[in-house]
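What follows is a pair of complexes built around chain A, which joins chain B in one and chain C in the other.
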Partner chain A sequence: MIRNPYINVTLVAGATVVFIILVSFALAALSRFIAKLMGATRTKQANTFAGYLFAAPWIVGFLIFVVVPMAFSLYWSFTDYRVTANAAPNVIGFDNYTRLLFNDSGFRASIVNTLFLTVVGLPVQIAVALFLAVLLNQKTRGERIFRMAFYLPVILGFNTAVLLCWRLMLNTGTGIINQLIRALSAAFPPFGYLNRAVIFVVEIVNAFFLGISNGKFSLLIKVWEAGFPAANRVPLWVQSPLWSKMSVVFLMAWGCGAMMLIFLAGLNNIPKELHEAAEVDGANGWKRFWMVSFPLLTPYIFYNLVIGLINSLQIFEPIYVLYRDNQPLVSSTISMVYYLWQASFSHFEIGYGSAISWLIFVMILLVTAIQFKMQDRWVTYDLY
Partner chain B sequence: MRTTSPVIVRIVLYAFLISATILMSFPLFWMISSSLKTLEEANSPGIVWVPEHPTSAAYTDILQNSNFLRTYFNTVFYVVLALAGTLLSVAAVAYAFSRVEWPGRNLVFFLMLSTMLIPAQALIVPQYIFFHKLGWIGTFNPIIIPGYFAGGAAMVFLLRQAMAQIPKELDESAFMDGANHIQIWWNIILPLCKAPLATVATFLFVATWNNLLGPIIYLQTVDLYTLPVFVANLYNINSAVQPWPTIMTAAVLTTVPLMVVFFFAQRFILESVVVSGLKG
Partner chain C sequence: MKKHTIFSVLGLLVSASLVLAACATPAATTQAPANTQPPAPTSAPANTPVPEATTAPEPVTLKIYLLDYTPDTIAWLKSDINPAFEKAHPGVTVEITEGSWTGWDTTFSGFFAAGDGPDIINLGSEMNTLYGESLANMDEYLGEAAWPDIKNFGPALENAKYNGHLAGLPIFTAPRYVFCRTDLAKGTLPPQNFADWITFAKDNTVIDPATNALTQQALQPVDAGSMADWQWWLLVFYSLGGELYKADGSPNFDSPEALATTQFLLDMRQATYGPAADAVGALPAGQGSPIDVNDATSTDNGAVCLAHSGWAAPSFDRPIWDKVSIEPFYGDPANFPNSKPVVLAFNDWLAVADYSKHKDLAAEWLKAAFTKEANNKWNETMGLIPARNDSQYGFVTEKPQLQREAELASKYGVGFAGIEESAKLSTIMQDALGKLITEELTPEEVVAKIQADYTDALK
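After this line comes the complex of A and B, so read on.
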C-alpha cells in the first residue's frame, strides 16, 4: 500500500476507471451476444452493444453500491452484528425492529421531528417559495439579479460555514436576529405584540410535538399556564427544545430557491389566454391567482411535497452544526438520517443501524405511495 | 395586463423584491462583516453592522495556519478528482438513455429514477462495512470512488433531458460517415451539451464541496479533513468566548469558491432547471 493518501486515491481512481471500462465492454459484449442468440438484426445488435456500453457504469454501480448493500443490510437487520466485535452475526429475528418501534425514544423523537418538519416546515417553505416565484414572475427589471439572490441560499445552503454563520446570527443573547427583534419591538409596539403572539403560538405547537415524542404533556401545560409571553421575551432559537426545530424551519424557508425555480417553471407553463379570459370576466389579480394559477400549480406543489418530504428525512448538517454539542437539544430536533448516523456510528451496531435504514426505506415508500394515492383529490393535471 | 398595472403596485412589488433580496443575502453580508470585526465587537451585545476598525488579523492568522491550508488543499483535491469521474460517467449514462435504443432501456431508466426515492444516507451502514472490508476507511476513496459509477440519478436525468432534445439527424449523418457511438458521444453530443454539462458540474461541485456526512464517517484523521469538518470543529462549545472572527473568516474562505462557481454558472442553472423542472 502506498502511504501518501493523495497518490493512493489517484491510483485507486485510475484503477476504477480501467475497471469500469473493462466491465462496460464485457457487459456490452454479453448483451450483444444475447441479442444475437435471440435473432436480432445487425443494427439492433449494434444498438444493444452501445446502449449497455454507455449505461454500464450506472448498472454496475447500482449493483455494487445499492443492491448488494441493501441485501446485506436486510440480512444484518435481523442479526446482532457489530463491526467492532469479531464474532459472526447471530440471527435474532425481529428483535431490532421491535426495539426500534417500541423501546427507542430516540427513533420515536426522530419520527415526530420529521412529522413536525412535514406539517409545519414544508408548508412554510412551499409558501415562501411560491410567494417568491409569483413575485419573480411579474417580469420586473433586474429579474436576473433577484432570481440569483433567491437561489444563492440553495448553493450555500447546508455548508457548515454558512450554518455556523446562522448559529452566530441565531444566538439568543447577542445574535443579530434577536437584537433586531428587540430593537423593533421597542421602537414599534405593535411589532412587539406580534412577536409575543408568534412566540406563544410557536411554543404551544412545539410543546405539543415534544409531548407526542416523549408521551408527557407537562411542558405543554406549563407553557399554557405561563400565559402570554412577557414584553421582553425573544425567540430562544438554538437554546431551547421549544425552538430548536423552528431554527431548522427558518433554514428551510431560507433555502427554498430550488422549489421556487420549480414553481417558476410552472407559472411559465400557464397559458396566457387563461389569464386574459379571467380578466375579461372581471376577476382581479388576487382572484386570478387562486382561481387560475393555483389549481394549475398543484402538480408542482405535489412534486415539491414529495421531494421536500424525502429531504426533510435527510436533514443532517444543520443539526450537526447547530446542536451536536448540546445533547438535550439533539433529541428535540434530530432527523431520521441523523439518528441513523448517531445510532450506527457511536456504538457501531450494524444490525441495529440496518434495521433503522430499512424502516426509513419502508416509511418513504409508504408516504410516497400515500401521496401518490391522495393526489387525485387535489392535483389538477388536465389543462384544457 | 402586466403593462397596465398601476404605479403603486409596481412600487409595492419592487419593495417586496428588494427586501426579500436583502433578507436572503443577509447571512453572507453578516459573515463578511463579522470576519472583519475584532473579538470584542463580534461578541458585543449591541448591533455592530459594519466593524468600526476593520481588521484583517483573522485572515492573516488563518492563512498562516498550516492545518487550514492543508484542509483547503484536501477539499480542492477531493472535489476535482470526484468531479472529473462523476461528470464523465454521468455524461456517458445520459447518452445511453437518450440517444441509443436498446432492449431494457425503459426498465433500467425506471430503476434509476426510483433510486431517487432512496435517501443515499440510508445506505451508509452497509457501505461502511463494504469500505471497511476493502481497507478504505481513513482514505479519500469512499467519498470519491462511488461517484465514478454515475452517482446521482437526478444529474443523469437532467443531462438526459437535454441530450434528448438534440435532433436525431445529427447522429444519423455521422453514422453515414462511419463514426461510431463513442465518437458521436464525444465529438458531437457533448460539445452541444455545454450548458447542461456546466449545470450538472455545478451541482456536483456544490454537493461535494458541501459534503459533511461522508467525510465525518470515512476520513477519520485530521490530516485528511475537508473544509466542512474543519470549520464545524472551529466552534467549540467548551470555550466561554467563541472566536467568531476566525470562524467567520474560515467561513468566508470556504464559501468564496461556491460563489465564484455560482456566479459563472447561474445562467445555465437557472435556465436548465426551469426547462427540466428538476432540482439538484
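After this line comes the complex of A and C, so read on.
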C-alpha cells in the first residue's frame, strides 16, 4: 500500500464503500436464498432481494458498529482487561459483577445520584414542559417565536460551549442567576423569604441523599442544626455538594423543549368540542385542564416518561463539563454513566467498565419493561 | 413466511457477528510486552554526526501528540526542529498533533486499546507508572552508551523511567511554589508552620456580608473553591517528611503525617470559608492570575497567596511582580522534626509508545528536540524551567522570577512521580477530601478511608 496518509485514507474510504455494496448484495442474496428454501414464489424472492438490498447498508452498519462492539463488551465484562497493561484480557468469570453489586461503594453512590436526578429532575422537567406547552397552546401573538425560543436549548444541546456558559452563569459570586436572586430578594422581601425557604429544603433533601450515599448522615445533622438560612444566602450551584445535583436538575428543566413539543402536539389533538362542552357545563380553566386535557394527555406523558427516564438514567455530559475540573464535587453528583466513563477511560479498566455498562443496560431494560406493564393502569388512549 | 424470513436472516447475521467477535483476538495480544529488549536500532549511534545520506526504505510518518505547548512552541518545532530532522532523514515526515489536557485520558486509552496511534505521546508527571507497561524500553536508544547527553538531565529524568528503564525524555520542571502579594499580606510572610498559616488565613481573608462570598482569599491552593485538591495534600504531606509508601510498598495514609496534613487542610478551609454550614461563596473568577490586578477595573483579583505552578502566576512582564514573593512550602517543623521546605515538581515528558513501529526514529527525533539549545528554546516558549541542567541559561537567568524558581527547584524539589495507580488514587483522595471539607467525614475517617480504598486498589 502507498505510504501516503492522505491517499491511504482515500483508498480505505473507497474500500469501505465497495465492502458495504458487496455485503449488501450478499445479504440480499442470502435473504432470497432463505425465501426460496421456504418455498416463496419467484416474485416474492425478487421482492425479498430488493427489500434487503436497500435495507442492507443500515443493517451492515448496525452489525459492525453496534452488535459487534456489544459482543466485545459482553466478553470483556467477564475479564480483567486493562488497556494500559499491554496484556491479553484474562477471563475472571463474574468477579466484575460481584464487585460492582456487593463491594463497590462508588457505584452504589452513583446509583443514588442517578436516582435523585430521575426522581427529582425528571418530574421537574416534565412539569416545566407541560406548563410551557399549556401556555403555548393559548393562541397569542408571537407564539411561534416563543415556541422556537423554548425549543432552542434542544437544538443547542448539552455541548461543551453551552455547558461552559452555564458554569459561568451558575458561579456563586458573579453568576447572573445568583445576581438576579440577590436583586429580587433585595427588591421584594417575600421573594427573599421564599429563596431562603427553597435553599433550606433543597439542602436538607440533598444532605439526606448524600447521607444515603455515604452511609452517614452527619452532613444532614449539620444542615439541620444550622437552621433557616441567613438573609444573605444564595444557592451554591457549582460550589457545594448540596447544590451540585440541583445544577444538573436546572439544566434538565432548561432542556425540556422536546418534551414541550410532544405535549403541544397532544394538546392540539384534543377535540375542541370536549372543552366547549365542559365550558357549557360550568367548568373553569383549571377544571377543564385537569378533567379533560390531562387524562387525554396521558399517552404523551407516558412517552415523555419513558424517553425521559432512559435519558436521565444515562445522563453524562452536564456532569462531565460542570464538574470534571472540580474533583471534590464529583462524588456528590457522579452518575452511573460518569462512573462507567471513569472506570473505563480514567482508570483504564475496560473489563470493569464493560460490566458497568451491561448492568446499566439491564437496569434500563427492567425499568422500561415495568413502565410498559403499568401503562394499562393509567394511560388512556380513547378519546371518548 | 415474511416474518420467518426476516427473523431467519437477522438471526443468522447476529449469530455470525457474535462468533466473529468471540474469535477475534484483541489488539493487546499482538503486541510484545513492554519490558522485553527492543531489536537493535538501525540508526547510527548518537555521538556521531547524523548521517545525511541515510535513506529510509519507504516513506514514513513519525507522529507526535503534544499537550505541553504554546503557539510559539509549535511554530518553532515546525520551523526549526522538524525541517532539520526531515532533511537528515529523507522519506520521513514529522506530524505533530496539538492535543488538550481536557479529555487526554480518553484519547490515550483509544491509542492503547487500538494498539495504534502517535509514536511519541506527551505524558504528565505521574503517568510513568500508569502507562509504563505500554511504553517502549528506550535504554538502547537513549541510554548513556547510545546518547551521552542523557547525563545532563537532572532528577526530572526519573519521571521518564519505568522499572528503571527509560521510556522517554522530560521536557520541563514546573514545581508548585507559594507566590504571595507582599503588599496585601498581613503578618509574617511566608508562614513557617501550620499554626502560622491558620492565623494568616484568618487575618487575610475577607468575606462580604452582603453577598456572603469571599472578596479576598488568604491562600488559593490549586483549587480555590474546595481548597482540597489531592496535589495540594501531597505537597503538604511531603513537607512534613511524609513517605507515600511504607517499606513493604503498602500505602502510608495511616501515618501521623497523613493525619496532620488532612487536619491542616480542614483547618485552612475553615479559617477561610468558616464552617461548611455557613455556605460562603468562593472568590469570583478574575482576569488573569488570582494574585494579579484586573486591568479593566484596577482591582486585585482577590488572592493574597497562591500555591500553584508558574503558569497560574502572572506572566513575567506584568508589573505586579515587584510585589510578589516566591517561596517553598515550609511544612510544620514545630511539630514534625522531619519537616522540610518543599516545592512539588511536575516534570511532564515525551514517551515512546510500545506499539510504535518507529522507535529508532522516535529516539532520533527526541535527541534532536532535546539538545541543550532545543530544550532551552522549548521552555523559553512556555516560560518554564528546562529539564536539562545545562539548558538553564538565557531566559532562565535573565528573568529573576525563573532564576528564583530554578534555585528553589534544585534545592527543595520533590518529584510528583512514582505514584502507583495514580488515576485511582486521585479519585479516591478527591472523593474523601471532598467529604472532609463538608464535614461529612472527620480527618481520622478520611485517612482511614483513603488507606483502605487505596490498599484495595493496589491489589
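In the analysis below, the second predicted complex is superposed on the first by the 368 of 384 C-alpha atoms of A that agree within 3 Å, B and C clash if a C-alpha of one lies under 4 Å from a C-alpha of the other, contacts with A are read in each partner's own complex, and residues count from 1 in each chain.
By definition in this document, a residue touches a chain if its C-beta (ideal position, glycine included) is under 8 Å from a C-beta of that chain, and two chains touch if they have at least 3 such contacts.
Computed from a predicted structure; not experimentally measured.
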Is A:L329 touching anything from chain B or chain C once the two structures are fitted on A? First, second, both or neither. second
For A:I307 in the superposed arrangement: first (chain B), second (chain C), both or neither? first
Between chain B and chain C, pick out the one touching the greater number of residues of chain A. B
Pick one for A:S354: touches chain B only (first), chain C only (second), both, or neither. first
I'd like to know which partner A:F294 touches here: chain B for first, chain C for second, both or neither. neither
Could you look at A:V9 and tell me whether it touches chain B, chain C, both or neither (first, second, both, neither)? first
On the A-aligned overlay, A:T48 touches which partner chain: chain B = first, chain C = second, or both, or neither? both
Looking at the overlay, does A:F191 come into contact with chain B only (first), chain C only (second), both, or neither? neither
Which partner chains sit in contact with A:P229 here, chain B, chain C, both or neither? Use first/second/both/neither. second
Taking the superposition on A as described, I'd like to know which of chain B and chain C A:F25 touches: first, second, both or neither. neither
Would you mind listing the overlap between the chain B footprint and the chain C footprint on chain A? 5, 31, 35, 44, 48, 52, 59, 68, 72, 83, 168, 173-174, 326, 341, 344-345, 350
For chain A, which residues are in contact with chain B within the complex? 1, 5-6, 8-10, 12-13, 16-17, 20, 31, 35, 44, 47-48, 50-55, 57-62, 64-66, 68-70, 72-73, 76, 83, 132, 135-136, 138-140, 144-162, 164-169, 173-174, 176, 179-180, 183, 254, 258-259, 261-262, 264-266, 268, 275-276, 279, 300, 303, 307, 310, 313-314, 316-317, 320-321, 325-326, 337, 340-341, 344-345, 350, 353-354, 356-357, 360-361, 364-365, 368
Residue ranges of chain B in contact with chain A within the complex: 1-2, 10, 13-14, 16-17, 20-21, 24-25, 27-28, 30-31, 34, 42-47, 77, 81, 85, 89, 92-93, 95-97, 100-105, 108, 111-112, 115, 117-119, 121-130, 132, 135, 139-141, 144-146, 148-151, 156, 181, 185, 206, 209-210, 212-213, 216-217, 223-224, 227-229, 231-232, 234-235, 237, 242, 244, 247-248, 250-252, 254-255, 258-259, 261-262, 266-267, 269-270, 273-275, 277-280
Please give the residue numbers of chain A that touch chain C in the complex, ascending. 3-5, 27, 30-31, 34-35, 38-40, 44, 48, 52, 59, 63, 67-68, 71-72, 75, 81, 83-89, 106, 168, 171-174, 178, 182, 210, 214, 216, 218-219, 222-223, 225-226, 229-230, 232-234, 236, 239-242, 324, 326-332, 341-342, 344-348, 350
In the complex with chain A, residue positions of chain C that touch it: 1, 4-5, 8-10, 12-14, 17-18, 20-22, 24-26, 28-29, 31, 33-34, 58-61, 95, 102, 105-106, 109, 112-113, 130-131, 133-134, 209-214, 223, 225-226, 228-230, 275-279, 281-285, 354, 421, 423-424, 426-427, 430-431, 433-435, 437-441
